[in-house]
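Here's the structure we're looking at; comments come further down.
We call the chains A, B, C and D, going by the order they appear; numbering starts again at 1 in every chain.
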């Protein structure tokens, strides 16, 4: 059976929840357009996150991989366009690592584009009244790290895999004590990801 | 029977929907802690809006009045603290009026405080994980205008009426083509107003 | 001789500089359109700041009083329109006081408007290409506190005194480690205040 | 003699001035640490801008090239880290071209890193109290386009050339009618670029 792997991250930066895991896990075991959806949670740790993702991909041989992450300050569903071969951590990851200006992978190019049809996803989300945008930077922390690891693995793979990364805003509960910070309802996030999965699998 | 009047505005500024009316009307006819809730939509027009509100209050003799409005750029439920005796319109209202530096009402003070227990509402909303804040300015357009008209009427009234104004963010559907603009789910808005009505009527 | 008092605040909130004092003191002793300019620095302390201002005004009998303050997040010269009778401190002042929901002054109205010609100042500043705006809230900390104290004293005074408050953004040096925070050049701030003093004294 | 080429752009997007040209031209003919500085203005036009830059580089054989641009919304001196092989124009360029999702150059990689010592520049600017940051995206308009063209040319060149791109905020005069938009003093911008030129040429 054809397979889609969807991942979310464990909480980080003193949060107790991460919308990316909450949203991603809601698709675990679902059947979408003939694809089985497999969910995995990734650790918010440099290198270990990529190793975990590589292992899952090698083991399950998915046709598509969608990684979700959380980004403070984002107001909408952010379709990431570019994964960059760079770690530059402003804060430590969940294991205390804080790489500064190191490559994600040596012997790899500067960047990869997502091979998701992001403009088509954008159009479909907007048609459903869901705030969304194309983002040109997934940052330089673990999210971009995993995104780059994914795209590199896809590039090196014999199998043609479709891969992409989407950043979600904070959940409302996360911004109670963060004045001025935007957030988004989890139901809307789930609808957005359901539409995304439908677009890529149709 | 004790009564609460809740109002929302018609759409303005080229919008086709106004979350304040959508949210407010969902409480029409509800019974909350022994209070009957009456809903009215206000025109987004200087003076006419206050006249309409005054008429409803005189006719229905409510114990409490909660007016809702929409404010671009807001990220959370904004509990307005101060109504100012000032019209200074950046854009025309729905009838083409654009008063600049005029008083809302002559022979009235510079400002009124809301007499809602806004800190208690804030606390209750946060306890329910709803993003909210106290706002020190409801602007200088029709929202502040109605808020000032309401508080002046309450001040002049023999009956002790509780009155306040809450600004809501855009709905997600309104920001599809407004990059970077925050929005909020209507379900969360309704929950916030339900909690607010519960606090003031308990 | 006719007199203008201009004030700035001492640094607060862990800053080592306050642009309001730097800008205000640069006008100390200047003669503008026949007015002598007197400069005083105010402590960033509730009540003590108003007492100090009152004393100076009583002693020097100025014709005009311009108080300057600093506000984080502001992008331009903010001409404050409304002083509110409310203290609601998010952080302690320089003496550790943190009043919550108390009046600035008892037996005083809810708010006063500045009696500066703020729209004329706005127009003149823009004509000189200086970013500026009208602000409807000077906050609920010591700046608004002093502004309210000033306007109340003016209101109670036999002498017709012109009074107003202007908020300045951070200086560039203050935002070095505050990512995303706007700032403004001190030279531009000084030009803005020179124009303001010229407008009110002409 | 060793040479540095510095470029700025002509105004675009209905502006009558572009800080990048104003700042860059102020260094025309200067001698910095033994390097002669050559200034050129680039058209804000896809392809034509890269052709112009290529021609200058081939003709003058510089050791270093610093391109400056203007970016709305930026609050500080933005040291661009990554040039992406992508045109995706939200507005037409000065010749009416509006490429959507096209490569800057075919047969070129997805992205290049600037080979400026950006962290060293960042440190030196902050030591001089100048607001600055590293940016992970120069956008997808003509600025990124020229940046990518520059880095590709450098990569293909036999000569070891140092190249980078810096985004400047709006000038104060540009935001007079853009409420909420940050700006920066031109003197501070020039100091920032003087320091940058000193760092790269030392």
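Some notes on this structure:
In the analysis below, a contact is a pair of C-beta atoms (placed from the backbone, for glycine too) under 8 Å apart; a residue touches a chain by one contact, two chains touch by 3 or more.
Which protein is which chain? UniProt says A, B, C, D = Pyrrolidone-carboxylate peptidase.
Computed from a predicted structure; not experimentally measured.
Touching chain A and chain B together: no chain.
Per-chain Cα centroids separate chain C from chain D by 39 Å. Look at where the CA atoms of chain B average out and do the same for chain D: the two points lie 47 Å apart. The geometric centre of chain B is 31 Å away from that of chain C, both derived from CA atoms.
The residues of chain D never reach two or more other chains; the list is empty. If you sketch which chains touch which, the chains form one closed loop in which each chain touches exactly two neighbours. Residues 75-76, 126, 129-131, 133, 172-173, 175-177, 179-185, 187-188 of chain A are the ones touching chain B in the complex. Touching chain A in their complex are the following residues of chain D: 81-82, 84, 86, 88, 101, 109-113, 119, 134, 136-137, 139-140.
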